[in-house]
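Chain nomenclature is as follows: A, B and C, assigned in order of appearance, with residue numbering initiated at 1 for each chain independently.
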Amino acid sequence: MRSRPLVSILRWVVLLLFALVCAFPFAWAAFTMFKSNDDLYTVGHVPFFYNSPPTLDNLRVLLTETAFGTFVVNSVEIGVIVVILTLLASVPAAYAIARLTGQWGGKLAMLIFIIYLVPPTLLFLPLSRVVAELGLQDSIWSLVLVYPTLTAPFSTWLLVGFFRTVPRDIEEQAMVDGYSRVGAVVRTVLPLAVPGILTVVIFTFALTMNDFIYAVAFISTSSQMTVSAGVPTELIRGDVFFWQSLMAATVLVAVPVALAYNLFLDRFVKGLALGGVKG
Amino acid sequence: MSAPPATRGTVIVEESVRVHHLLDRDSVLGPVLLAPLMIYLAALVGVPLVTVFVYAFSDATTGSESFSFVGLETFQRTLADPVFQGAIRNTIVFTVLSQIIVIVLATILGFVMSADFKGKWIVRFLILLPWTTPVALSALAWLWMLDSLFSPFNWILGQLHAVPIGTPVAWLGENNLAVGTVVALQAWRTMPLAAVILMAGLTSIPPELNEQAEVDGAGFWRRLFDITFPLLAPIMMVAILFGIVATFTDMAAVYILTHGGPGNATQVLASWSFYTGIQGGSLAQGAAIGVFMFPVLVGVCILMLRRASGVEVT
Amino acid sequence: MAEVEVRDIRKSFGGADAVDGVSLLCRDGEYLVLLGPSGCGKTTLLRMIAGLEQPTGGDILIGGKSVKGLPPRARKIAMVFQSYALYPHKKVGQNISFPLEAQGMSKEERDERVRWAADLIGIGHLLERKPRQLSGGERQRVALARALVRDPQVFLLDEPLSNLDAKLRASARLELKQFQQRVGVSTIYVTHDQVEAMGLGDRIAVLNKGRLQQVGTPDEIYHQPANAFVATFVGSPPMNLMQRDGRLVGFRPENVRVVKRSEHGDGASAFPCRVIRIENLGSDRYVYVSVKDDAGESKLIAKLAISEVIGVQADDEADLLVEKRFLRFFDRDTGESTAA
């Protein structure tokens, strides 16, 4: 590019604009969470300053006087178990598609992609009946049962891509060296696929936190709710929104999740490219 | 001839492989490894999918255990319902509008982000926030940000005397504004992923192509439109594919921002299906509404994937 | 060590036959080379012997016993892939001891064996390194050490020298041959490089399009090719072939003299030709000539030592002189060798 400094400045301006637009709602939430009640709810006050000093009270209320802590614990519990279940189903399946299927592997991958397209906002109707009939209504276990339908197809897709980056030679060598195929894969392919598997872990966990419809459809008891379901519904008493606490909850969840994603983002996109376009 | 050291009491491979497992055969191992996933998906996606279609042809409710078939009656009622018609319209409009915005913005952002620079990590962190955050919480943040009384935007507009005092902008209370807000939210939260995918796509274009074109005399814009964009097109398809799926089938944004209002103006298929099915209690109707999401989605996606990979699909 | 035999072995993928009825015996302690162009089935054949592919017909025997249903780990074979397939996440020492772990050997014994193998091959100083820190030649040796360490019945090698620099290949070839002779294990070696085949093999099996063309010592392959394919595949430059009297006549470029027209040699066959070009390549001189034959015109090559004086130049009319004993004849349609 010829006109170096001008392009550089333009680039920075555009970047800053994007960053601003993307982050503003969260910045505003972070700002709000420290505002005291009288400051916030007095209409005349300038919203951009702390007219009364910032306070940690809202944070305290959120953590000690609401069910937020319970929501987080539930979400984490569900997330961890669902990650394990997803890996148990997806890793073998992805390996099979990457190595063992040849002809019908492509069709299988396409089938899994179509399953990914089936929206939870459609399936929640029959699934809420299933959940009720299994007696899992109002329990986090209903979500543990159902969430892998959200996470497994995409995880399998990603994992196929990661497995394809490991050369076939490696596991064949291990087979000649004395292991069965399963033994060879466990000892040579899986260790090499660890970064990919970690990426899938992060993505799966975040996906379970992202779900709203199942969480809201299956669970109505506060003590069993996840963050996504509980924060928008339970932290509102009657018509009163405890905005500062609500915004604190949003920020407390958004930041760690974003951090985790950023650590693995490059691999995630690579996995999409490898497993993705060609199916 | 050199011989290896004598092996004392070592089990030689041939003897230790007493049972040559069935699993040594790839034709057996493949299905065995696939079975857990496929059985699970068949049971918890396949069967319910069929069930939804069954509901749509029935009179099932959340109240009773049993239901009977009513043919096309539920569908006819659904199709005649103006809220449903609005919901279908909205679902399509929201998706198309938001993703057009995404294409434009993600392309710009993809280009701008493709070089390395100081502080890239922080910028990337900020830009990804809309996508990485659970949709319910993002919607909540928007809800607060656009509160008609306390929105910072309204305050600024008021200070600038852009709106008459006493009538703050009702971002979520006025039909067109509410629609615009939902579209904006969907674009905002799906754009980062598209940008990241495009970024990766840009770096995958061999620089020789542009260099060759430059030597051949093509200017910047010419190179952009004749080389870069065509090569980027398939990647772009994949990028907005995720955005389309996420927007088309989403109900959280509408539920939290507007509850479908004002007065059903922002209902989409997913949210209307939820209200009718769960809160209204009619599984049959909820199913009849939601069912419209699936075939359209599959059709669009297969078409796009065909274009993207240029390979015959199924 | 043991004999390896394949009997009428076949492999088809979809509709195509990659290997089409090959029968071959590798004797105890022999170094057998499978030679052929890419796609001829040699690697598929090797993989079937290893157990990585299942034949669609025929049988495989190691040490006289059929191994057809057995997985690779039960066949007591060692294999070296073209890429060497070193485990990137393990150190060199761990790479070499990997097959021994599979056997359940105790740590002491494993260490002893690894030491032995590494010293034999000369990489004892590399045991603590990771594969990515090694050069191509070093990686090849690690792969060999790993193959050696489990005392296999058979070595299977799939083009292990093709990833090395050209300069390295000649010395690597020598080391490989010496190594095999010292250890004495039956070896089946796949390559498309006929120089490697000639230099390494006790016997060479030439394959093309899934079929065995000829098996024999390098001498036999070179001097008594069984068909036109073998004749032209082995030898650089390839054997000259022209059509005459309804059949193919062949002779190797190094057995040809080029003389001015009307000078005649001693009972040698003379083929009139026109000189196209003379190349001086350092130690050799290539003379490209054009000869009229049944098929019109053929371009042939004569390879002469640089020290030989030649009396012709480009565009001269000349004669190619070949002693009768160097002539080979092949059927024009089938390519099979025929009598004079």
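Definition applied: contacts are C-beta pairs under 8 Å (C-beta built on N, C-alpha and C of every residue); 3 or more make two chains touch, one makes a residue touch a chain.
Keep in mind it's a predicted model, so treat the numbers as computed, not measured.
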| item | value |
| --- | --- |
| By number of C-beta contact pairs, the top two chains | A-B |
| Farthest-lying chain, centroid of Cα atoms versus that of subunit B | C |
| Inter-chain centre distance, subunit A versus subunit C - centres from mean C-alpha coordinates, in Å | 55 |
| Gap in Å, rounded to a whole number, between the CA centres of subunit B and subunit A | 13 |
| Overlap residues in subunit B, where contacts from two or more other chains coincide | 13, 24 |
| Interface hub residues of subunit C, defined as touching at least two other chains | 71, 73, 102-103, 150 |
| For subunit A, residues contacting two or more additional chains | 178, 180-181 |
| Touching residues (chain side subunit C, partner subunit A) in the complex | 50-52, 71-73, 77-79, 81-83, 85, 87-89, 98-99, 101-103, 146, 150, 156 |
| Subunit C-touching residues of subunit A, taken from the complex the two chains share | 167, 169-170, 172-181, 183, 188, 191-192 |
| Subunit A residues within the subunit B interface of the complex | 11, 14-15, 18-19, 21-26, 28-29, 32, 40-41, 43, 46-48, 88-90, 92-93, 95-97, 100-101, 107-108, 110, 112-130, 145-146, 148-149, 152-153, 156, 178, 180-182, 206, 209-210, 212-213, 216-217, 227-229, 231-232, 241, 243, 246-247, 249-250, 253-254, 257-259, 261-262, 265, 269-270, 272-273, 276-279 |
| Complex contacts: residues of subunit B adjacent to subunit A | 13, 21, 23-24, 26, 29-31, 33-34, 36-38, 40-41, 44-49, 51-52, 55, 62, 105, 108-109, 112-113, 115, 121, 123-130, 132-142, 144-145, 147, 149-150, 152, 155, 188, 191-192, 196-197, 199-200, 204, 234-235, 238, 245, 248-252, 255-256, 269-270, 273-274, 277-278, 283, 286-287, 290-291, 293-294, 297-298, 301, 305, 308-309, 311, 313-314 |
